[in-house]
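Scrolling down, you'll hit the structures one after another.
Heads up, the next two complexes both have chain A, just with different partners, chain B and then chain C.
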Partner chain A sequence: MGRQLSEAIVDGILGGSVYALMAVGLTLIFGVLDIINIAQGILVVLGGYLSYVLSVHLHLDLFVGLLVTVPAMFIVGVAIQWAFIRPLRGRERTSMSLLATYAVAIIIEGILYIIFGSNYVNLSASYTTTGPKIFGFYLNYIYIYGFLMALVLVVGIYYTLYRTQFGRTIRATMQDHTAARIVGINVNRVQALTFGIGVAVTAAGGMVFGATGGGFNPNTGYDLISRLLAIVILGGLGSIAGAMVAAIFMITLEGVVTVLWSPSWSVVVFYGALVVVLAFRPQGLLGRKAARAQ
Partner chain B sequence: MSQGTVNAGPAQAGGTVQAPAGRDRRATAIRLGLLGVLLFIAVIFPLVITNALYTQFAVDTMIYVGAVAAWNLFSGYTGYIALGHAVFFGTGAYTVGLLTKQWKLPGGDIFALLPLGGLVAALVAVPLGLIALRVRRHTFVVITIAFFFIFQLMAFNLSFTGGNQGLSSPFFLWSASDYNNPFYYVGLIIAVGTITLSWLIRNSRFGLQLLAIRDDEDRAQGLGVRTMKVKLIAYAISGGISGMIGGLWWFFIGQALPETAFNPLFDLTVALMAFLGGFGTLAGPVLGALILEPLQQWIGITFTNGYVSDIVLGVLFLAVILFLPRGIVPTGAEFVTKWRVAQARRREPGPGGSAPPAPPGSPAASRTSTPAAGTPSTGTPSTGGVR
Partner chain C sequence: MTSRSAEPVTTGAPALEIQDVVAGYGGGDVLHGVTMQVYEGGITCVVGPNGAGKSTLLGTISGLLNPRLGRVSLRGERLSGKSPRQVLDMGVVLVPQNHSLFREMTVRENIVLGGYILRQRGLADRRLDSVLEMFPQVTEWLGKKAGSLSGGQQRLVEFARCLMLDPSLVILDEPSMGLSPKVLKSVFDAVRMMNKQGKTILLVEQNARAGLRLSTHGVVLENGRVRLAGSGSEVLHHPEIGALYLGGAVTAPPGSGTPGPDAPAAVPAAGAAAPDAGVAGSESAANGTAPR
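Let's look at the complex of A and B:
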């Protein structure tokens, strides 16, 4: 039991960092565009499939393949924003964007089913099956590499947001669209790029997810998006630090419950935790009281 | 459906010739007549068209008409987009299913159980609403989705729900030829009842409070609306009706599985139907359901590959969102208003205004009208824009 528990905690923290990466993308998109990207889950799966194609057919290393898949997903993100999000206007824009991204998710899911079928796919490399022994269990290298990569990317996003001119324009847009426009920020461009970045991180997240978990198929998108939504809401919508804390907390909690109780109830506990937290703190763990009064 | 619109065409054109006061009365009469015709068509539908495939579609459509009207009663009026009404749908289905099994009811008067299923769903809605209705906008949407997942997982995991196997309904010994009819008429009664209730609420103090919340909740609260209570009541009513419809669906389909009774596509479809027809309007969601559900069934038959039909559905969703963002009814209403304003402007000037309008083709009439109606006409479009 003790060994299993420590394994669950270590896996939770390392695996949670990957969820943190995907959730940061989601919360960044929310902060800047004021929409929730329901397609984030299926885009993670799409990123995973891209890595799968590169590694199986072109025999590229999984991490080297990211040099292709991350820019590709960035372009996919910008295209989705340009085609389906930007045209939305008016009072019901928020709800329309939810439905629009949901529709995008359904379309991508259908296409993936047609191309890849419903069989589960695993990403494999030498480092997905070997690793050092710590706390009495074997930890595959991919967990460590994935954690380090997620760390680098999240730090990179933080640095971009808080130390660069582009980051300042993003944060300004997050605070107030109109004011940002007045001081000369091209809000449309910032929104497109942010959506692209938010989707691009799913390529990295999808690769690690596919190499660590029990495999994925197109249906996995629902699993992912429901978890990611719970995470970003728990952390407080629009809060990047909150998303990271919540991701690691939730994934660890799920792992611990799986060990202590049963795998079939761990997901209920996962959402139960969300409901309990929100009953006492409606704005989420690190969210601001009223994110935006638009 | 098409017959009704054909009838309306000439009648409305005639109405515009009348003086404004008469036109109002005339319009009400036309509207009531149209409703009567629609209801008549709905009632005789399964008697005229007896093909089991079509009556089955009709039952599905009725189920969705009721479900969308119930959803709109809460989400459309308050502006809180709930994407978790499958919770109530499924709760109703499982309640009715478990009770039927427990009491070993024979076929026939089982429909008496539906209100009970609705009651349980409404009772479930109260604690959920107390939590979810404290937050707004995106967070509310996501919490309703979270509730949905919790309930689906409970249906999978709890022992009394039958887990993966779900619950099978009793087999009814009705004649095969009109097997679908009882379901259809019960569905019709629920749908008409829900629409009537929506209309009554819309014209009541309670409805005004809901609409005030939709427009500006803080201000509504400041004006003395007890927002939490009002929202909660609407949520429970909406959930209760969804539960009744879930029970009906269970009898009709014959089996409730966790993934079909608590179906994420149900949440999405209901919202999309409402948006297609006109979010928050009375007729819009019904229209949306009448269009979309048969269309979905048709797509399901035409594209036998389930994934292709999903893609077609997704593309359809996107097309609606991008090209008809405000829904059919508001867009149509705006069109009619613009057309009327144009007609009125053509007639307004000159002392002969009360006379029948000049033929639209006559250039003289339209030319003289333009300068004379200069000042009033600038005001007209803006008043015309308001519903």
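Let's look at the complex of A and C:
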């Protein structure tokens, strides 16, 4: 039991970091565009399939393949923003975005079914099945590599947001659209690039997810988006630090409940924790109280 | 270029010309053919009741809104139809009515963002220095979050931010909004100072009396049309306007501390100087010694 518990905690923290990466993308998109990207889950799966194709057919290493899949997903993100999000205007924009991105999710899911079918796919490499023994259990290298990569990417996003002029324009747009336009920021362009970045990180997240979990198929996107929404809402919509904290907390909690109680309760506790936190902090763990000025 | 019949104290050529502008947000026109001028080197104040179209007018000038008909031009160059960014490039900046600082960012970050469109790093740094020289009190707040400042302090930071582009025309939408009379004075002093540095000012004020006293020119907007235009004191002392918007006619005798008589003195000085950075700098040095 002790060994299982420590394994659940280590897995939770390392695996949670990958969810943190996907959730940061989702919350960044919400912060800048005011829309909830329901397609984020299926985009993670799409990123996973891209890695799968490169690894199986071109024999590219999973991490090297990211050099292709991350830019590819960035372009996919910008294209989705241009085609489906940009035309949405007016007061109902946020609720319309739920429908629009849900439609995008269904379209991508359909295409993936046609190409790959419904069989579960696993990403494998030498480091997905081997690893050092710590706390009495074997930890596959992919968990460590994935954690380090997520760390580098999240720190990179943080650095970009807080230390660069481009990051300043993103934060400015998050806070006040009109004021951003007044100082000459092209809000449309910032929105397109932010959506692209938010989707690009799903490529990295999808690869590690596919290499660590029990595999995925086109239907996995729905389970993923439910968890990601719970995480970003728990962390506070639009809060990047909140998304990271909430991701690691939730995934670890889920793992611990599985060990201590039963796997069937882990999902209940996962969403139960969300309800309890929101009852006391409706704005989420690190969310801002006031909405952004338009 | 036909000038209006009520030609105010002539100070210089119009910097900004607004001709028969019809504009509005989605649900119909707010401006029904506005024609007015903003004179080079002066302070022009637009007053009028709520819903007269004052903010719509400013939005149209600053590129946030395209006029449906008519034309806005800056020194002969067309301004209407340009994006907010292009309007900034032409040296026209807007300080909007609602506080427009990025509240979660520091004062320094806010001011630096004012120079967002400046591509040269060195230029932005030099501008920051000269802006802080102009607003020394802002220096003390640089590390604070903008949202933690008081309303009056935020206004001064907004002014400092807009000067990062060394604009020739500064548009202020109700700078007095929500400020106490004491703070109001310091904000209006700052407006006067910017004007003396060579900035042409276009101002919209709900506090019509204080706004017109500050200004060389006044324009009364009503129902999306110009009702009256003249010098600041002409509009201020116009009997009908006084009764309508200023809560009774203004009876202050001319020359009793109102800036009416000051205005002609200040205006030619600013008008004579070409509105560029070098001259504005030397002029401010001259201002330090000349009066008082």
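The definition used in the following text is that the second predicted complex is superposed on the first by the 292 of 294 C-alpha atoms of A that agree within 3 Å, B and C clash if a C-alpha of one lies under 4 Å from a C-alpha of the other, contacts with A are read in each partner's own complex, and residues count from 1 in each chain.
Criterion: a contact is a pair of C-beta atoms (placed from the backbone, for glycine too) under 8 Å apart; a residue touches a chain by one contact, two chains touch by 3 or more.
As the structure is a prediction and not an experimental result, all values here were calculated from the model.
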Joint occupancy of chain A by chain B and chain C, clash or fit: fit
Inter-centroid angle chain B-chain A-chain C after superposition on A [Cα, multiple of 10°]: 80
Chain B versus chain C as contact partner of A:R89, first or second or both or neither: first
Touched partner set for A:R168, first chain B, second chain C, both or neither: second
When both partners are placed on the shared chain, which of chain B and chain C touches more of chain A: B
Partner chain in contact with A:A103 - chain B first, chain C second, else both or neither: first
First (chain B), second (chain C), both or neither touched by A:A179: second
Smallest separation in angstrom, by C-alpha atoms, between chain B and chain C in the superposition: 6
In the complex with chain A, residue positions of chain B that touch it: 81, 83, 131, 134-135, 137-139, 141-143, 145-147, 149-150, 153-154, 156-157, 264, 268, 271-272, 275, 279, 305, 307-308, 310-311, 313-315, 317-318, 321-322, 325-326
Contact set on chain C toward chain A in their complex: 62, 64, 84-85, 88-89, 93-94, 96, 98, 100-105, 109, 112-114, 116-117, 161
Contacting residues of chain A [partner chain C, same complex]: 165, 168-169, 171-172, 175-176, 178-179, 181-186, 288, 293
For the chain A and chain B complex, residues of the former touching the latter: 30, 36, 84, 87-90, 92, 94-96, 98-100, 102-107, 109-111, 113-114, 222, 226, 229-230, 233, 237, 264-265, 267-268, 271-272, 274-275, 278-279, 282-284
